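A short write-up of the structure that comes next.
Each chain gets a letter, A, B, C and D, in the order it is written, and its residues are counted from 1.
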Amino acid sequence: MCNNSLAEEKFKELDAFIDGLEEDEGNLIVILHKAQNLFGYLPREVQLHVSRKLKLSAAKVNGVVTFYSYFTEEPKGQHVISVCMGTACFVRGASDILSSLQEKLGIKCGETTKDGKFTIDSLRCVGACGLAPVVIADGRVHGRVEIDDLDKILVELESGVR
Amino acid sequence: MSGHKQLRIALRNCGVIDPENILEYIARGGYMALGKILDEMAPEDVIDELKKSGLRGRGGGGFPTGLKLEFARRNEGERKYIICNADEGDPGAFMDRSILEGDPQSILEAMAICGYAVGANEGYVYIRAEYPLAIERLTIAIRQAYEAGLIGDDIMGSGFSFDIKIKYGAGAFVCGEETALISSVEGNRGEPHFKPPFPAEKGLWGMPTTVNNVETLANIPSIFNMGAGRFAEIGTKTSKGTKVFALAGNVNKVGLVEVPMGTTLREIVYDIGDGIVGGKKFKAVQTGGPSGGCIPEQFLDIPIDYESLKEIGSMMGSGGMIIMDEDTCMVDIAKYYLEFTTDESCGKCTPCRIGNKRLYEILCKITKGEGTEEDLDSLKELGGIIKDTSLCGLGQTAPNPVLSTMKYFYDEYLSHVRDKKCPAGICSSLTRYEIIADKCIGCTMCAKACPTACISGKVREPHKIDQAKCIKCGACFKACKFDAILKS
Amino acid sequence: MKKVNVTINDIKIAVPENYTVLEAAREIDVEIPTLCHLNLHDLKAVNRSASCRVCVVEIEGRGTLAPSCSTYVAEGMVIKTHTPRSVKARRTMVELLLSDHPKDCLVCEKNQRCELQKLAADLCVREIKYTGAQSTYEIDNSSRSIYRNLDKCILCRRCETMCNEVQTCGILSGMDRGFETVVGPAFGLPMIDTMCTFCGQCVAVCPTAALTEINQIREVWDAINDPEKIVVVQTAPAVRVALGEEFGMEAGTIVTGKMAAAMRRLGFDRVFDTDFAADLTIVEEASEFIHRLRHGGTLPILTSCCPAWVKFFEHQFPDLLDIPSTCKSPHEMFGTVVKTYYAAKMKIDPEKLVVVSVMPCLAKKYEAARPELNTNGMQNVDYVISTREAAKMIREAGINFVDLPDEDFDNPLGESTGASVIFGTTGGVIEAALRTACDWLTGESLEKVDYHQLRGLEGIREGTVKIGDMEVRIGIAHGLGNARRLLEDIRSGKSTYHAIEIMACPGGCIGGGGQPYHGGDEGIIKKRADAIYREDQGKAKRKSHENENVIELYRDYLGEYYGEKAHELLHTSYQKRELI
Amino acid sequence: MIKIKSFNELKELKESLNAQREHIRIIVGMATCGMAAGAGEVFDSIAGEIMRQGLKNVTVVRSGCMGACHSEPTVEIVKPGEDPVLYGNVDSSRAKVIISNHIMRGEIVEELVLEKNYETASLGEVEQ
């Protein structure tokens, strides 16, 4: 985890968020969303913090975290590139896009490059099927992507220019 | 193009109004249905009207909506709940997202109507976290509806109160199943439960609960505005109204379409979708997502409704409609869907957890050229047992893509196992690359591109591929500028 | 209950409307196999996950097969339980489970005790039709109690139900999903790093060898075979009413004498009875109770013989560490007494002594290794084996248990009273304590020894006992979920009890995690309880403070009850533990 | 926003809202698909152009999906008393052309027009 005082601030913000929720037993998932937004991922100490705060067993919290694909226990790279693997994208060649991306970065889907710069993910349909195949780079949707576009997308991410 | 094939009821406001401005919704007749109901109708009448309309659930099974509400009304409970299922998880479907992004107020109005009908005062919208824009617009819509007094306490002075909260999904397709969804709303792992008890008896927090999907709800205000009778005039004998489809894949005009039930696939694919990309040959249309099946050309002219799709081995599902052209390998498609369902299986019951995994493994074997004809029998037999024994809808329908492609495209399966060939040229292990000596000028481009150095030959002389070493990556095929490489 | 008419395999029958198809079928002697299903009605331990799909049947008018364990009967329902379609589906379920299973049955801890193995045999599975990936996990033998080999897990989720719903410990949860689903502690932690109490209820209900005890048979044999060592064995009260089941005897058969004989034949040098130490525990605990009553100490007092319960409150109620009795558990007291008093009396070098406990419990294994349960640098108890392990040793040694003659325990430390026997069932410890406390408080020898109001299998029981002019309010809980409720009342100040007995396992020690598998039949637990009270009835002495060996021990060695020496040797302390 | 306290108040509000409708509406499809295809930039450039041209009777509206995902971004021009016109594949420069030609001069930019192949169910007394 990043430096301690920063983490402390985030824990405070998380606590404030939890305290602000209406009493409702079903808040675990919404809290985990918030925690992942704050910390970028859900490391063990964050899950334990949530479990203690909500008086839920750590196993329950961890069971929920590992059930849902949206939650991650591993930190992600600076830039996250997700390839949509929805059916529309699939029939329009998304798997080629994914393998080419994996080749370019030398990592598999779900992994992060050694320098911590890039993470490749696959997604199950973002609902932009009209633009298939779709690649989402740091939250920005690129439609009708071809393999040749990937270099441009990577350069854009690295340089921060859009 | 021939006239107006589409009729928009659920999508009536999408692309017409500003979804972030409740006044635009009101100007288009928004909340008139709720107002009228609260003003002059008894809850029983609301249910009767819905029954009369013939509206059925648009999320999958097609259960009559009026009946569903009636069950929840009849069951006693300290509290009752209305849940809007907006966890659209079908890959290739985006109807619900579009409605939430384009007309979120219609969902809120419909939820309040359902609440009044069953005697519920609380509602949840369970929405995919992957839909940030829809969440944003829904949040704004809820705030505005509260401010306008159209949800919340004592709506329009009627004495009826209805609250709506948002709950986020977190990436689990199985949460489209209502009991799994309820587990998830309660903050648990989204594992389905055996029914009975049905949610209408014991749902959220053990209270009577009605779960409806977004499109179903979007229809409800219109039914009261246009009259159940007129709604019921649209569609087929068993399936009333319209259906929204997300038309995608190898079709020219991908998009969101809404057609009366009973429209044929041909009309959708060719008239609305403007045919296949690049003038290629149509091969199949996949409906119902991972729970559905692939429909071949011979059924393009059947009028589609819940029953007809089921009869031909597919289902309505939520409305994803993927068009596949001649370059699609049906075994590969089946494998794709099975990979999806094995990833998304909650892992609770044996047939889904292990059975579907085994189906997937057999398909992998086949696409690698290692399958046998016995494997085809196993697929069929195991697929049937999984359908017969699984705990929830996900497992019960997971083998559909395999079984329907086997039914209609058995030849393709046979080619894979008997001839070790993939007719569409998709399964890379079964592809063979050969250099046509007559066309090869010996430019060496292919040899340079080959990652395994299995292409040999002198400069300016025809090259040769060592088949034993070839990994079928296709790099040579892409590198050759003289069409001298034959892919088969 | 209203009855409904159903037809099962063409036989018409009326059954109560709250019956499942499975229960209805049993009424006409049709047995449908089950795997995930578990229903211990009275103990309120129900696992109805309907997930294994082995019990599927055909119901007329339904498109798919229905799980009979979870499908309730309805008027006019027509059921066929063993059609080719359902039997084939059942067999396929087992084939699928086996396709993801190690199939090392011959060398498996659960060989011949495994429900999956039995099912495969019953359904005539002769080949494993489907092959493919097999899940593999690291073995967890981190604790002294529970061995987890998840390669053998079939995800019936019974362990989760016991851990979360019955025991409310929350150690186990489903993790991941799909084919990767596994049941385990948070973050894949080894059990020893969790707040697991090692009650072993997960082990007690596991149908396969995914969860078993950490077997210490080898170590015990080595000790027995070591000529330098004097190996002392002690057997817990609940063992004698269950051990016979391992040898085909009717549940509830009392085998105290055969057990003592078997222990001797296994080669143990001294064969003792933990019951003696149970009497010792009672005189200490009753003294402590009276002391607290008279000196304004913390009340209620909580019993502390159950090691799973002790670990539970250390993790979950660290703010209440001053209310449990500080008495060590009986077998720990026994170990201490053997390695001090007995060694001195018999002139044996205590370093040569090896104390082995035969227990119905897996938490005792963990307890024996607790560093504070140590006297003069020696652990009080060296090895703990479960009732099941004892049976294995007896079989391994070729002893024909059923035909053994009855023998007595060794002396001294061999005497026990009826009060100590009832330690084996829920409510027994507090009843035993009352027998002594009442006599002491009134200064009379009271005739009343049977406190029927405190008996039974209700999860939480309470009673008021008049002692002279004082009304003593007693609470009893078995199962940690019930215990939690009592504890929470204490925490919030709502509790008005003077003394509370808590046992971690449903039914008390007779339902312990180390007992012969009950296989989901709670009738077995009831029969064991009945046997316990029969054994008590048959005893000449039924009050702990009348145990001559105990009296002698204090006279010769310990001095006063609850005195300085007794504190040093027979009491312990508790510590706050982390919550994971 | 005023709180609506009765069904009558709702009806009155609706009527008054419809009475005001004499503006030209430029609707930009801004659902996920549209946004991904650049509808955000298109919206900004249209809004900017309207300001620059000082057009007073024009409202620019962000709407949801119009259904024509194949030709995103899409823009619809609704002039009172005329059939709505749907444009596809609009970018910033094309948007300017649409404003100058269609809005300001009343000339439809034919090459960008998409056929609108659906009808919307009449919602009782509600006029489109």
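By our rule, a contact is a pair of C-beta atoms (placed from the backbone, for glycine too) under 8 Å apart; a residue touches a chain by one contact, two chains touch by 3 or more.
Note that this is a predicted model, so its numbers are computed, not measured.
The interface with the greater number of C-beta contacts, when B-C is set against A-D, is B-C.
Centroids built from CA atoms put chain C at 50 Å from chain B.
Averaged Cα coordinates give chain A a centre that lies 35 Å from the centre of chain D. With each centre defined as the average position of its C-alpha atoms, the distance from chain B to chain D rounds to 29 Å. The centroid of the Cα atoms in chain C and the matching centroid in chain D are 72 Å apart.
Residues of chain C in contact with two or more other chains: 173-174, 176-177. Across the assembly, chain D contributes 32-33, 35, 69-70 as residues in contact with two or more other chains. In chain B, the residues touching two or more other chains are 94, 97-98, 131, 172, 189, 191, 248, 254-255, 343-344, 346. An unclassified topology is adopted by the chain contact network, corresponding to no line, ring, star or complete arrangement. By the document's touch criterion, interfaces exist between A-B, A-C, A-D, B-C, B-D. Interface residues of chain D, counted against chain A in their complex, comprise 32-33, 35-37, 69-70, 72. Residues 164, 169-177, 184-187, 194, 579-580 of chain C are the ones that touch chain A when the two sit in their complex.
Looking at the complex, you find that chain D touches chain B at residues 1-7, 9-11, 13-14, 17-18, 21, 27, 29, 31-33, 35, 61-71, 74, 76, 115, 117-126, 128. Interface of chain A with chain C (complex): residues 44, 47-48, 51-52, 56-63, 66-67.
By the touch criterion stated above, chain A contacts chain B in their complex at residues 25-30, 32-33, 60, 63-64, 67-71, 85-88, 90-92, 123-130, 132.
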